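Same chain, two partners: chain A is paired with chain B first, then with chain C.
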Partner chain A sequence: MSPRAASPDHPEIAPANADAVIACEDVSHVYQAGTPLESVAVQGVSLRIGRGEFVGIVGPTGSGKSTLVQHFNGLLRPTSGRVIVAGESLDRRGADVRKVRRTVGLLFQYPEHQLFEETVARDVAFGPRNLGLDEEDVEERVTWALRLVGLDPERFGPRSPFSLSGGEMRRVAIAGVLAMKPAVLVLDEPTAGLDPVGRREILDRVQSLRAEQKITIVLVAHSMDDVARLCERIVVLHQGRVALDAPTRAAFSAADRLREIGLDVPRVSDLLWRLRAGGLPVRTDRLTVAEAVDEIARTMRAGASGGRRERGDA
Partner chain B sequence: MPAPLLEVENLTHVYHPQTARAVRALEDVSFTVAHGEFVAIIGGNGSGKSTLARHLNALLLPTGGRVRVDGLDTAVDEHLWEIRRRVGMVFQNPDNQLVTSIVEEDVAFGPENLGVPPAEIRVRVDAALAAVRMSALRERPPHLLSGGQKQRVAIAGILALRPSCIVFDEATTMLDPAGQREVMESARCLRDESGITIIAITHNMDEAATADRILVLHEGRLALDAPPRQLFTEAARLRALRLDLPEAAQVADGLRRRGVAVEAGRVEIAGLAEAILALAGRR
Partner chain C sequence: MFRGLVAGQYVPRRSFVHGLDPRTKILASLALITVIFLVGDFPGYGVLAALVIASIAASWLPILAVLRGLRPILFLVVLTFLLQVFLGGHDDGTVLWGGGPFVVTREGVREGAFVAVRLLILVTSTSLLTLTTSPMDLTEGLERLLRPFRRVGVPAHELAMMMTIALRFVPTLIDETEKIMKAQMARGAELQSGNLFQRARAMIPILVPLFVSAFRRADELALAMEARCYRGGEGRTRMRQLRFGAGDLFAAFTVTAVGALAVWWGRVS
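Right, the complex of A and B next:
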């Protein structure tokens, strides 16, 4: 992969952003432009995603999330503005779209609807085979990708994808994208429709992918709870525009701002804000259940030690 | 005691019976639901939830056992339309349920098909749209509505048939948090104000936590049947059934382990916050 993020004719992508793997500059996307059905899905979005970042993109239905991320691998071209992925400016004629698609792997919503091969192994092999790799390399990648998503290649490889549970099918679809060895993995609502255990399995896998493979991850989600728990940075879209782009902890400790633009705060933040409003001096920048439990237990202990003796801590 | 609205007796359902592809989706499931109850049905992917839902208005018929709605056996042909009128179903995908190009026409579609007189239809459509707070958008084309609004129009279409019960089959799964809240608030309001029985099939534990009672399906069988406050104290057991605690209950559970004696069964954030503040002597 080229370490060069800026192409010479776009000098404004400064050295400070030299590690941006995806850069959007004032990107707008209009569907059916010039017809009575014209609708502006994305408007004036500027955004840089650095190598190794874990970014959550959230916003209500119709806020432009899916439209925006389809620009990240060249599936959609901006109506105006510029998208630069791994140094390739996608508005340029002759841009190397294949390179962009290899750099950014995109997992659609309900990706299991796109499984079609007779066996799990063949399904995961589909992408790498299209890259023109020889069979040995293809097989190696299939084994590697299935292991990454926590499916034993020996056991699951020969099975029909359609004999699997919803969560397993979803993981096969993710393995299919990973087998292309993308530098960036974009997941559009990867847990929709899964039961709580299936959801946890997927999100745990995403987290370990990040930790072990240093893949850049963009998670598109409805659930503030998931984004709060996993992502370091949150980008909130609202009516096609970026309403907020901040480190997660800072974003959720300013819960009022989120509520103003009609967004939910994670349940954990909601609890901490209620406690604080009720006079218990807890910090509100805790994001996970475990952090909240720590914070509440600690604060109550501190409060109790002033007057009465506290109960034993387990 | 009045007769229950729904009676499910030893219900078994086999897809493709007597073939190599036969799948037992439900096995000996029995329960009843009283008029006006709000019941959530939860369970892992493939546990049989949607199969069960489709038996409640005769979209599927039992392979074994019996389902009765207001005493009407769903397996008797002559009862079919009356059962479908009494039990309406809202499905997962908001884009697949609306059939006309204007909201109020969509709501009128059902009663028109039943031959209800036009003046009466007008009254019903107005009332149904008001009940889901969609009166202001009555002349909109459905495709310009949000997911939550589309689901509310689908609910209004059912209400215009004067049902006893509405079944929500993962009707919030494809919606954003605001849409999920709109739909669940509509459901609760219909139950509280009009006594309509609500069955909500869901993967969302926080949504289930607001029901009167939760049924848990596992591998086609009824595994648990309890009120949320009781059900959501059994973390280990629920995880074995591919489920989880709502976040409030997870926090409460963690606090109890740390020696903070929050009472068991706080399953909603507001209630948990109050319990903690009371314990801290702030209320």
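Right, the complex of A and C next:
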């Protein structure tokens, strides 16, 4: 993370938080306010996302995840509260929304429904063109982005996006956002409806992209396994409020709280919890399979008698 | 963004008017429309206005909802009035005001007000139909009314089904439009700036995905209907049967009587 001076326009951001690219202060969003159909989607959310962070946002269906992330690039304005993105306060009249949209790239849920051009290459070029780049740069970015999502530009570039499979369309849509090279990438369930291999591939590419480009990533996801594997910090939304905001390890050692909300716990954590409940004193803050194997082996070696009893039961 | 803007949208209530048979309401509306065009003078409209106001009261509608439904056509009413006053060709009447090429006469103002009132009553009475009748009931009533004309080739059931589906998908398409607009804005699309040509071009990234998804939806819906053995209206029975009641008789009588009174009172003397 690069240190950055507090913006003079917003002295209220404490210097300690000057690194926040996205800051939400007591943000609420009410759809159709003042009508009988009024529905509160987000309520009193305060959140700071620092430069270079990889944050996972999880929560049950309808908990307000999509609503919240649409505030991050000014597509939605808060009903109350403030959203500050890259030093730009979005509730202010005349806020530079264009600048904010360049900084924050948002990939919508089911983004394949937004493809419209005659060819894949032209569709991916839509974003960069809107940035006002010249043709040469645009082309370069299109090639780069398509490679990044695992599509051969030579082969897929000239094809019609509507002739692709669902998974390929998804990749094209992701490339369309990547090609804008945003400093913050917000992905709203980028892998929903993909097969496990495709899911893993896309997430791995997102992760390597972050390592190379040092960008900030916000990942909205349903799969706890993915979030546990990739993110450093987890924000859990429940009925429009932040139910939990903690580093990944800490978050999943609060497994009971997560279950209460109706969320899954990663399979590894789940296994460790069950072992613990069954009498094996393992630590539950392990997240990867390798870590869990080590932990179980260690515990069983340490408490050889306890381990034997366990095996006897089986 | 667009939601809640649909004028004349059904407002569920338990009232006398809501409880009427949809066929009664459709026929009454048709009768009223005819009467509105038969009436030739203000007293007739006074009678009709009284009927419309009484109906609003009898349907327990929030008066605000009804007025809000009128807002979109207010511009049209004002425009019609002004056109009548200035360009209606009443130059030979009693001059009230004259400035340059425009002359305002008493007859012109009278004619303008007449047309404006006619338009207002027309819209209010027809929107009263959609405000108090659910789309389901509306299409059901329409189908039943068209049924006798099947013998001369009117596809009553198909027309009603098409209307039901169209009404059902209006909110879905509005949602979809909103979502696609946001997605393209996130990709830096400029929708609100530029000249007319640029703006028309900016609609392409919205319209193409919208049509694609509408066709996909239509396909899926057709498939889903066939999978559930839908094969047209032949031999289909209804879960809810339409029945005329005493209220319908009363409403039919009232509308006929008041309509006749309006025509008689509003005849051109």
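Heads up, the rule we're going with is that the second predicted complex is superposed on the first by the 280 of 314 C-alpha atoms of A that agree within 3 Å, B and C clash if a C-alpha of one lies under 4 Å from a C-alpha of the other, contacts with A are read in each partner's own complex, and residues count from 1 in each chain.
Assume a residue touches a chain if its C-beta (ideal position, glycine included) is under 8 Å from a C-beta of that chain, and two chains touch if they have at least 3 such contacts.
The structure displayed is predicted, hence computed values, not measured ones.
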Looking at the overlay, what does A:Ala228 touch: chain B (first), chain C (second), both, or neither? neither
By residue count, is chain A touched more by chain B or by chain C? B
After the superposition on A, what does A:Phe116 contact: first (chain B), second (chain C), both or neither? second
Determine, under the contact definition given at the top, whether A:Leu271 touches first (chain B), second (chain C), both, or neither. first
With the two complexes superposed on chain A, say which partner A:Gly127 touches: chain B (first), chain C (second), both, or neither. second
Should A:Met180 be classified as contacting the first partner (chain B), the second (chain C), both, or neither? second
Could you tell me if A:Arg101 is touching chain B, chain C, both of them or neither one (first, second, both, neither)? second
Determine, under the contact definition given at the top, whether A:Val27 touches first (chain B), second (chain C), both, or neither. neither
Report for A:Met300: first if it touches chain B alone, second if chain C alone, otherwise both or neither. first
Based on the A-chain superposition described above, do chain B and chain C contact any of the same residues on chain A, and if so which? none
Using the touch definition up top, name the residues of chain B that touch chain A in the complex. 43-47, 92, 146-148, 170, 173-179, 203, 205-206, 239, 242-244, 247-248, 250-251, 254-255, 257-261, 269-270, 272-273, 276-277, 279-283
Chain A-touching residues of chain C, taken from the complex the two chains share: 3-4, 176, 179-180, 182-190, 204-205, 208-209, 212-213
Chain B partner, complex, touching residues on chain A are 59-62, 165-167, 192-200, 222-225, 262, 264, 267-268, 270-271, 274-275, 278-280, 289-290, 292-293, 296-297, 300, 303, 310-314
Please give the residue numbers of chain A that touch chain C in the complex, ascending. 32, 35, 37, 70, 73, 75, 98, 101-102, 105-106, 108, 111, 113-116, 126-127, 130-131, 162, 176-177, 180
